[in-house]
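Dropping a structure here in structure tokens format, bear with me for questions.
As written, the chain order gives the labels A, B and C, with residue 1 at the start of each chain.
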Amino acid sequence: MILEAIGVSKSFLGLQALSNVDIQIAEGEIVGLIGPNGAGKTTLFNVISGYLKPTTGDVLFAGDKVTGTRPHRMAHMGMARTFQIVKPLANMTVLENVMVAQFMKGGRTKEVRELAEHVLQQVGLYEQRNQTAGTLTLAGRKRLEVARALAIKPRLILLDEVMAGLNATEVQQTIDLIHLVHKQGITIFIIEHIMHVIMSLSHRVIILNQGEKLCEGRPEEVINDQRVIDAYLGEGFSLA
Amino acid sequence: MDGKKTKSPKFLIKYLVVAGAVCFAIAYGNTNAFFAHNLVLIFLYMGLSQAWNIIGGYAGQLSLGHVAFFGIGSYTSTLLYLNYGITPWIGALVGAALAAVVAYGLGWATLRLKGAYFTLATIAFAEVLRILATNFSGITKGAQGVGIPFRPELGNMIFRGKTGYVILALGFAVIVYLVCRYMDRTRLGYYLAAIREDETTSASMGINVANNKVLAMVLSAVFTAIGGTVYAQYILFIEPASEFSYSVSLNMALFAIFGGLGSLYGPIVGAAILIPIQEYLRVTFGGSLPGLHLAMFGLVLIITVLLMPKGVFPTIQGFVQGRIARSQKKKLRGEGSQ
Amino acid sequence: MQLIIQIAISGLLMGGIYSMVSMGLSLIYGVTGIVNFAHGEFLMVAMFLTWGLNSLLGLDPYISVILVVPLMFLIGMLVEKTVIEPIIKAPHSMQIMATAGLSTVLANGALMLMSANYRSVITGYSSKTLNMAGIMFNVPKLVGFFAAVALTVLLALFLKRTYTGRAITATAQDMKAAQLMGINIKRIYLIAFGLGTACVGVAGVVLMPMYYVFPSLGTYFCTTAFVIVVLGGMGNIYGAFVGGLVIGMVEAFSGYLLAPVYKEVVYFVIFIIILIVKPSGILGRSGRAA
């Protein structure tokens, strides 16, 4: 197992954001995490990547207990993440953004620059490399998030809604990009609202509702599960 | 962050021109004491402001209490020299080490403070040191200050005439510049810039935000303290009111911001332009209109922030680059139409 | 025991003056998000105005309040329009540098115009004291304290009862929501800045009969006001009132127990400790709210 969450709970001032969540992800999987708004998806990502300490429970990465390990240590161990609300280093260029991440792997500035350029070519941002990150379109900024995550050569990547706000073409490009990342042997754990994306990408889907794991399984099983439909319909969603 | 290494002859010429201009300035300073005095202050503040820029510009933590380290440097070397006969060359290093320890503590203590809170804490810290320096008169001689006897000798870091000081200050500026240039082009420079932009994102890229911020503070403090020793050896008199003066902190920040915050050339441009103006105003109006030169400075600061928030150097650079880009486009269009 | 009460009383009275200076700073921060590093210089300007009105027109300081406070309100609005409004959305560092620049301009401008001399206004009541059960009450300080209480109450009423006041509170709590409700944010910033400056005006007036004014006075009061505002919670005006009283007492007792010169050290140490342990202030809500 590359990632395990064992009985993870998190409460904020009495508000239970996560309760007793168990998750197992095997190396090489693409796992989708879905659930209505406020289900605790991003909170779970924050706990896994070290931005939040779970109230109880443990997180295991590649078999090692990493509960409460600080985010930069997690990055060094091989866990990368993107943010739902994109956080580019707005006044630095696109290339510099990726170079910052690339520096983690060491090397001289010149080599770091070349490697970063290579990553930018992979994600299709090479042409914009000398633009400041703040001037990118939303799709561009989401790509930049992925580029930075790739630059640290992770074993696992947590993608938090990298497609929200993109148009159909951009979504398809991002799906292709995720397949490309996966082919490099990187395990992917992805939060996504767009159902057909999750269906086409994921090997397995985990449903979170009100901080609890509702169920998990193969995409086609999950969407026919009555509990899932109820959870979503309660929120006014319709599936597929 | 312009790491492209150009080793064309054009680049070499640039260095030669700068070196030539500096040599000429030093030679001229030899015959004109006021000019030489300006050179000393320009070079000293180039170094100080550059040192401030590490934490204030690169890491984006606006300190207005850096005079604390300046004072630590000048008091340490001076007291070691006067009480134990230790040469200021060593004293400067001891002062730098002491400043590093203090900066390490202050850096950790103020780690979580952002924006104005950090600025306030640094101001308060410098104030505490000033009050302590004034009142621990057993060690510091208190408010009356300490004079350094004039014994010109290289070993005492005291020189007859100003030229020696010009070269001393120049050496200081060059060392700080080289360290900052190295930093600018390597990992630390990129990391500090990233931390300034967004700490959360930085952590996701494996950056230990806390360690890098504290490191920036320590580096910055070390060079500020050495600058303090240079200043003390030049003036040959130290007192709490000037060694821990708020206006020194403000100047360090002002020159960097005026020239270009977080840019390698910003502090150099800022000090080179503003010191002569400040000194001219001080000498000309210091008697009749005290405060004019400082009031002007406040005004320059406000105007810089309002009109060129990126500073003079990047503004001009941007303008020139814009022109070049436009003329190149014109050229391309011209070639295309042929 | 009598001595301790005496120290506490004089600390409390001085604290009232500090409260007034700090409330303006806190109000301005709460509404505009600007930490005004020139706040102490506003106090200096208000005191010079009071002094000027006294030496030119022979106005009693307490009467000159009717001129000084509106003048300070106008000065505050003028500064807001010229310096603050353009940088309201700029990064913190730029805001800090702009107001630090303003503080340098005001302090040294005063030095140019007024020289470094200390000036005071001597009145019949300047050194008068009341003796109650063996405890001495310095009259100008007592007036200052009650002025502080009155100012706090008036400010609270204004913020709660009037339309403009409620608009200011709304803006402090959520600028965007306030804007959506049709509140003219630019105008609110202007008024809040003027109001904050006017508070310092009151402080300047009541300080004048018992204190000196000189160009660099601002630095001293500004740092004290910052300590208080951080203690009370940035943007919390009631916190500023209580914080002022606390710092007044701390100052009085540390001046007595250690030596007067160390009182600043004591409260700076408190300041740094609060900043580190709980930056939102001991009494503070986190975030900005008036």
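Keep this in mind: a residue touches a chain if its C-beta (ideal position, glycine included) is under 8 Å from a C-beta of that chain, and two chains touch if they have at least 3 such contacts.
The model shown is predicted, which means the values in this text are computed figures rather than measured ones.
Ranked by separation of Cα centres from chain C, the top chain is A.
Ranked by how close its C-alpha mean sits to the mean of all protein C-alpha atoms, the top chain is B.
One inter-chain figure worth recording: chain B and chain C are separated by 33 Å, centre to centre, where each centre is the mean of the chain's CA atoms. If you average the Cα atoms of chain A and of chain B, the two centres end up 42 Å apart. Inter-chain centre distance (chain A to chain C, centres taken as mean C-alpha positions): 49 Å. Shown for chain A are the residues in touch with two or more other chains, of which there are none. Chain B meets chain C in the complex at residues 56, 60, 62, 64, 109-110, 112-117, 119-121, 123-125, 127-128, 131-132, 134-135, 246-247, 250, 253-254, 257, 261, 289-292, 294-295, 297-302, 304-306, 309.
Interface residues of chain B, counted against chain A in their complex, comprise 1, 3, 185-187, 190-191, 193-194, 197-198, 200-209.
Within the complex, the chain A residues that touch chain B are 49, 51, 70-72, 75-76, 80-81, 83, 87-92, 96, 99-101, 103-104, 109-110, 112-113, 148-149, 151-152.
Contacts from chain C toward chain B in the complex involve residues 35, 37, 83, 86-87, 90, 92-98, 100-112, 115-116, 215, 219, 223, 226-227, 230, 259, 261-262, 264-265, 268-269, 271-272, 275-276, 279.
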